[in-house]
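Each structure below appears as structure tokens.
What follows is chain A paired twice: with chain B in the first complex and chain C in the second.
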Partner chain A sequence: MEARFLLGFLLLLSLSSFAFAIYEDQVGLADWHKRYIGKVKHAVFHTQKTGRRRVVVSTEENAIASLDLRTGDILWRHVLGKNDAVDQIGLSLGKYVLTLSSQGSVLRAWNLPDGQMVWETDLQISNPSNSFLHALGNVKSGRDSLSLVCNGGSIRAVSSIDGLVVWKKDLSVDGLKLKHVFQPPESDTIYAIGFIDSSLIALYHINAKTGELLKHATQASSVDLSSEISAISSDSLVALDTSRSNLLLIKFMAGTITNHKLPLSDIVQDFSGLAELIPTKSNDIFVVKTPSNVAFIKVKGDNEIELIGKADEAGIVSDSLTLSEEEQAFAVVHHSNNAISFQVRINGREALTEGIKIEDHRGHVKRVFLNNYVRTDKSHGFRALIVMEDESLLLMQQGEVVWSREDGLASISDAVVAELPVEKEGGVSVVEVEHTLLEWLKGHMLKLKGTLMLSTPDDMAAIQAMHLKSTERNKMTRDHNGFRKLIIVLTRSGKVYALHTGDGRIVWAHLLTPLLQSESCPSPSVLTLRNWRVPHRKALQENPSILLVGRCGAGPESHGFLFIVDSYSGKVLETQILDHSIAEVVPLPLADSSEQKLHLVIDDKLNAHLYPRGSDALEVFVREMANMYYYKVENAKEVIKGYAFKKGCSTGSSAYCFGTRELWSVVFPSDSERIVAAARRKINEVVHTQAKIMTNQDVMYKYISKNILFVATVSPKAAGGIGSAAPDEAWLVAYLIDTVTGRILHRVTHQGAQGPVHAVVSENWVVYHYFNLRAHRYEMTVIEIYDQSRADNKDVMKLVLGKHNLTAPITSYSRPEIATKSQSYFFTHSVKAIAVTTTARGITSKQILIGTIGDQVLALDKRYLDPRRTANPSQEEKEEGIIPLTDTLPIIPQSYVTHTRQVGDLRGIMSFPANLESTTHVFSYGIDLFYTRIAPSRTYDSLTDEFSYVLLLITVVVLIVAILVTWAMSQKKDLQEKWR
Partner chain B sequence: MEKGKAMARRWAVDFSDSSSSSHPTVADPPGFTRSAPDLDETSGSRQKKDAEAAWKAQKAWEVAQAPFKNLLMMGFMMWMAGNTVHLFSMGITFSALWQPISALRSVGKVFEPYKDPKVDLNAPRLLFIALNLGGLLLGMWKLNTLGLLPTHASDWVFSLPPAKEVEFAGGGSPFY
Partner chain C sequence: MERSSALIGLIFLLISISCLINPISAAASGSGEGYSIAGRVKLDNFVTKGFGLGHSPKLSETKVILNGGQRTTFVRPDGYFSFHDVPAGTHLIEVSSISYLFSPVRVDISARNPGKIQAALTENRRALNELVLEPMKDEQYYEIREPFSMLSLVKSPMGLMIGFMVLVMFVFPKMMDGVDPEEMRQAQEQMREHGIPSISNLVAGRS
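Right, the complex of A and B next:
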């Protein structure tokens, strides 16, 4: 009875440790969450006289956000799906934000103050790929306001109030692409102008209320028309021809079309090259951008045009801003060194020029959005929203940067971890110590009050504030527990940021590609970053550094470049433009004498180039060369190939260049299999033990190899989205391949399953996630791999005496006999990313980190994905913590490591160890960033922050006093006894 | 408490001894004849001594058999504790191990009061030792059933680090 009770109690204890959860007041203690929006592509200002001034933006990360114009804070934000790119945004009725997305097929209205969606209309466009123009003009029709959406040759009028399609007109002309829609004031007729096959100009008159086609006319154009137009007035527009050197002025008066060709060289004297029309909507003025300058051109009367202004350097021009009937303002922004000159031109004349200093890590100006405000003296003031090369967003007003947002961080492509500097000895003053002691005591008194439930709400607030601002976590030095580190991230724009794990602040940021831009390297782009030097032991006085690898052009044969960047400061230590291309960077598990990690850069001709260049690096590599291999997964060709290295390469005679020799290849039959996912173990993952102990004290030896590659293939029919294949036509094959020998260690087919497949490999197991078409549910499968060839190492005496071969080095060429155990479970969510926790020594049990469809990170205990689970585990198995088998993996709300936060458009999860074995860092990124620390088996090796030291101290003191008192009392009693 | 005893011992004066060993300096009180009971004793003393020896032997056997009861009780307690490792079973197991060991250590002391030239204490002593050894074995057995003795391969393998791999293969999908 008692035993059973105790057992129950024990089980309860172990169950309670499954759930990892924090209390509400612990939020923000170890974690931080940063929200970004991404690279802005459209902006609409909303600056009415009263209320909050805001700007509504849409970004290349498919986010729509409303920003506070004063501070740059996000008022609201929505992230549309990956396939729901925003094409255009606009304001309607002064209270709705309209967004057209998914190539012009979805129109949505959002409430401007709070961002709630008011309505959504699917425009049911049959060929969304042919979506050239999405005019979002407002057409008055009674009290309602209509929005027109043009797509190819069809127009739809949508009511702004409820999103209903009021009318729809399909002009059904082949090759028609509508270019411009307008409505003359006080008229019920809409004019729609389009081009038919770049040679005909068509004009349609449509009734605004009914959509009835009133009239139409076509005229042949004198030049081949390109798609760039600029509407300059209610009855004329300017188009550019396909040679980009002639302008065509098109007028459409009273149902007739006239066009007039104007060579650009007549207008702009020193014109050469290709011109570009800046789309504007202004009164008789349009802007042409040529490679050498920007020209402002005014149309006068019939077919006469005049150059009214010119900006000499090629700058970035904003859309036009209408100030009044006659006045049009443009912003032209030039960039030079670390300053930008901001120029506002009204009707082509310079009205305002401001020079603004800007940090040089932001690069060039990419886009500018102009807005005006009326000063107290009724003159116009201007502000501009500027998007920089690093995708950051700045608001400029009166010659200074009002606020800036680091929105480049919304597009992280890669991340590594680096250590912080070691704390210097000494240098702490007595005053400081006294102060901190007092603070410490005060803090602990507060905590004690809290523990004893004596604290007032004020005290609680003080405790919370104390937690949050604890300076300890934000120091710029290494700590004993390894909680403070630098996360170094690379963004799509090629900018590198170092983030502090304490609070997520940017320690340093650098945009390195402009440093390289030259004739030999025309368009540098960074591909990836790696740890270059991780000093421990030998080179402790050296700073850790990071390797950035990129290529100079777009193609795979363009030359590569390397940067070596100091992790502490972001200073560039070394820049190198390579004389070969970059197809792959292979970090090797070797280091030279100064702890620089050896990397092999594989070029497109399959030569391997060794870095760092140094004789000792070469020596280290040549010594190990016979044991080094390279494999290549060619997704397009459905082939995996393995190579060995040999001396001497095909392109040069450099000692650091090595050739490759093909050893093996795995060719998947292209008519039945497509590679959809490949995963391998992290190189730096630490495994504590090679034995897995069963309930009956039996030992299974794990097959632990860093050279296992997990590959998943699906049938070609099932390569599309879910629903594209019937269950009979879909299958998923999972392979475990040894990348040294090319041997297929294990192969399993899941009938009726298809991708997307997400997989994670760790220790001796693989977990992968896919869709089961038969069950209409997502599934997760675990495969554990055991080594049968060492299974007979079971003699205790031999083991005691050390007569075994368990620690002898193993080679993949000694044919491994492996046994696998596998189990599948249903899983409720679809998955965006999957990772596994890693700890310093690999003792702590693992959790699988799953990025769910709701943009959260779920920590799922590996114990749920254990092939030994059975429906009715025996008593011993239960004691060992084997969970009874269920068909579905449970989702425990407390085990979301992101608690209530969402990481918009989650793309990656990264886990890296702290020095404390129990704890691991988790960093997840998407549009947002979220960082936290988790302890998969709880913090068994340290006291929590919550631990009350004062209570402990008081207990100890009380105990000592009690001992002394009782001792004295017993002495006295003894004496009395004696005298009796 | 130790201290109190030590102090008492320091003070102790053995009064009982002085009665038997007559002190020549102190005269017997008047009316007290020492020889009278002594004369009586000569016949009865042998009988008394035999009885005492028998009693001592009996007591020694009793003491020697005492661990048996203990053994039974331990067995019962162990059965109660179950085979899982937790505080209760650990406590019982360690007390089961500790008791015989401490008893064996004080085996001389236990039989001290029954020392008599006429009593053969070897047999009870051996029984006592045997029973305690049995208790010890029982404790060890329990320890083993709890899985705390390194008698399995798993106990020796667990601390071994994974074997090093000779080869290394790096790579993946090339950049496009």
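Right, the complex of A and C next:
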């Protein structure tokens, strides 16, 4: 009875601390947060004399940000919605940033200093197409200035102050695509020029203040026009024809249009191939890029053009920068080996050439944005923002890289964890020990002061600083607790980074795709990465390594390649271009004699290729082949198929190639069900115990199988987003399927529910999140599966007599009787990603990590998602830790693992175990990265940092003193007694 | 002071009157079937409150999200936001803010009665007659440190040890005093016979 009471007390104690929570001064102790912006596609410099110099950029990740030009730090950043790609950015009135997004249908203005959105205008464009923004400097109505947005055949003038549409003009001509708008100085008329169906040139005169159409003219073009143009002066522009070998010089004077065809071969000698017109806005100069070089061409007088400069290699050319009336500057950047040459050309002539060494893991230059500043001697200096192949951003000035940002990390597509090297045995000097001891004591004295609330603010700052720069956590070696690890991430550009869990710094980075680029592999892209060798036992001397798999072209049938990379140094150990395609990489729970993990690469013809290639790997695989199964979810066909492997494949006679044999298929009726989500258990998840003891001392056996696949389907009408389906025509069906036999273990239908569905499978349960249309709220459901065939093992007599089936192997071939328990709850937020904590031995209770719509990560105790919850739990159930049932899952702010940080555009959450059973690492990524360590049941197996050693020391000293004092006192007393 | 509060009250009254005159702004937009949803995020009552983040709440960080991410918009300085070209049907609006917790809002755009919009908080099913979104509570992400107290120190394991020591030092001798020395000696002898070592034994044995 007493023991029970104690147990209850302990549970109560643990109940009182549901949430993972930290104190404010613990921020940054175990966590780090890195902010990125993504691959820059537009940049506008703001370098006025007063105020901070900054550059406003928009990126492919739909982010807009203002960066400090001195340091590259983010001053502010906003991430727009997924379908809200930025088309153009501009500055207006010197204080607003204008962004045109969603294919020219939304115009927003942001306050330049702090990034507050000032106004937003929906331009109500019926058929969004390529559109452009033109800020009119001198169209003034009062103090306002207008910005023009052209889209197809319509123009809208938007006031810069409040975003109201001042006028709009639909030119209502079929096939009209406006190309350029300009306004002669000191005039109220604007000229809009466009092409109609690539054969007609049209010119419109429009009153800038009212939008009234004053005049229009059209003329047939002598060539078929492509969409590339370059505006060269206030009354002329250059267009490229569809054959990409002729230029058309178009002039429009006083309402008439003249056009003149100029073959490119006349201007540029040895011209061949297809030309490209680089869009610039400059005075009489335009840039043509041909396969062999870049030509700067000047227009002189009537219809005469002249080649004024050439850059020999096909470099990257920036937009033009106007220095003065006559002077136009371009930046041309070439890349060779590990240096880039940065050249500024003023009016086509070379004005400045600088060679800059950069790390070779950045690849080629992709984009360049030029900006100038005036030096003290009134000459022009130049700086350039350079976007590299790995999506990093560099600022270059005076021949050196001023700052660089690793913005490739904003597009992580996959991640794995690797161990750090083992610490080398080595002598630690006595001085060092004394020093650290002193530091240690000092630190603890400070901490004690902190706990006793005696510390001054200075001391507090010192404590914080001490926590942060603690060298222990940033060491490059393995630690006993497994807190220090490497997170190896793959980004969209194909660059691989190794991040240290201590502070998130980049240990090594490699851009691998250029190593492969060749005839046989034209456009390599890395698809996924896996742990290739995780040394333990036999191969402890070998470094761990990582497998990277990709394909050479865009199509699914293009050949694959693989890399093996050392995870300590990032060195490429092996490169191989495969003779087959890659559809999927299946890691197997097997390893060969040198601890290399076996992987099956499935190609598009459903053949399986075994890697690593080695006789012992083959032997291991062939021995286990009969127990290997593979399944494939074909979303498009609404089918799930299961396969077994057989010897000999359809495409070749290689011993490492195996064929597949279809075993089963689950076909969903396509007119009533669409697959929207599939999830399965992590293959390396550890389960501590199969038995679960119920309140009434009963035992339930969890049905633990690695082959459980969760699949969710919705009705076709509900396959769209929320708001598109009525509750009556929407349903969601959840299946649990055994992937070996294709047996449907459980099936449940939720009427009136729809996706998006996010699911996580762990141990014997699955938790999934979906939208309930009837209640119009999100819901989460938990299904737990129990093995009924083992349920009668409770009988002690049977156990004694050995008549139990506990030792029977768990196999998918037998059809165990299973029972499921399920419960649903409301959940407040939309969910972007869902994961579950994993610990080294699976003893610690689980938390579900939910990436919410607010880009935060919430750790929700699994106890809240327990089907045994009831509204009025009995005393015994309470003691066991069952929480009274509520209809909504609670969101406790302290249980956000990201606390006050946001992981912009959250895409994935990863949890991996530390060596310490209580603790797990959580890494979440989107545009930002966030890492922390959490202890779902608190750190029961180690003392926390909070533990005050000094207090302990003081206690011990006090105790010793007390013992001595009492001893002295008792002696004295004895003496007195004897004298008496 | 009083005057300014009166003024604020007047402004609030005016706002509420103006809100009564034009309830939820919803209008069929020019480009066809879509409707506009316009609303306001209001933090006024929350600004003065204690704040766990250490900086003042910023509207610029507040996003309004339609249907779980289909569209995202930002809040203007005055708190207003709008979605355009939204088809008729039932939609969900969420406000993402690091500083506050907002309830999602269910918005019904009637197809039969064009432009009629009804809104309700999904968390407590409260109907809104105007689309003004107010935070349910501000978010406190950190545990608050208990202020130092003697009690917590005493309650800690070390405190308990010291407490016990004190008890042994001062209370036990007093208890011993009450015992007759003869009985005490007898008891001690008995103990010695049974061979049970005890602290008092040890102390006595040393002397």
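Here is the rule we use: the second predicted complex is superposed on the first by the 924 of 980 C-alpha atoms of A that agree within 3 Å, B and C clash if a C-alpha of one lies under 4 Å from a C-alpha of the other, contacts with A are read in each partner's own complex, and residues count from 1 in each chain.
Note that a contact is a pair of C-beta atoms (placed from the backbone, for glycine too) under 8 Å apart; a residue touches a chain by one contact, two chains touch by 3 or more.
Predicted, not measured: the structure shown is a model, and the values here were computed from it.
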>> Applying the document's definition of touch, where does A:974 land relative to chain B and chain C: first, second, both, or neither?
In response: both
> What is the contact status of A:740 with respect to chain B (first) and chain C (second): first, second, both, or neither?
Replying inline: first
> Between chain B (first) and chain C (second), which does A:631 come into contact with in this model arrangement: first, second, both, or neither?
Replying inline: first
>> Quick one: is A:900 in contact with chain B, with chain C, with both, or with neither? Answer first, second, both or neither.
In response: second
> Does chain B (first) or chain C (second) touch A:84, or do both, or does neither?
Replying inline: second
> Touch check for A:584: first (chain B), second (chain C), both, or neither?
Replying inline: first
> Taking the superposition as given, does A:22 touch the first partner, chain B, the second, chain C, both, or neither?
Replying inline: second
> Looking at the overlay, what does A:891 touch: chain B (first), chain C (second), both, or neither?
Replying inline: second
> Where on chain A do the contacts with chain B and the contacts with chain C coincide?
Replying inline: 970, 974
> In the complex formed with chain B, which residues of chain A make contact?
Replying inline: 2-3, 6-7, 10, 527-528, 551, 556, 582-584, 586-589, 600, 602, 624, 627-635, 642, 678, 680, 683, 687-691, 693, 697-699, 701-702, 704-707, 739-740, 793-796, 799-800, 806-813, 879, 970, 974, 977-978
> What does chain B use to touch chain A in their complex?
Replying inline: 1, 4, 8, 80-82, 84, 86, 88, 147, 150-176
>> Quick check: in the complex, which residue numbers of chain C touch chain A?
In response: 29-32, 36, 52-54, 58-60, 65-77, 81-82, 84-87, 89-92, 94, 96-98, 101, 103-104, 106, 122-123, 139-145, 147-148, 156, 158, 161-162, 165, 168-169, 203, 206-207
>> With touch defined as at the start, can you tell me which chain A residues reach chain C in the complex?
In response: 21-24, 27, 76, 78, 80-84, 108, 114-120, 122, 124-126, 451-453, 721-724, 726, 756, 771, 773, 775-777, 828-830, 832, 853-856, 888, 891, 893-894, 896, 899-900, 902, 951-952, 954-955, 958-959, 962, 965-967, 970-971, 974
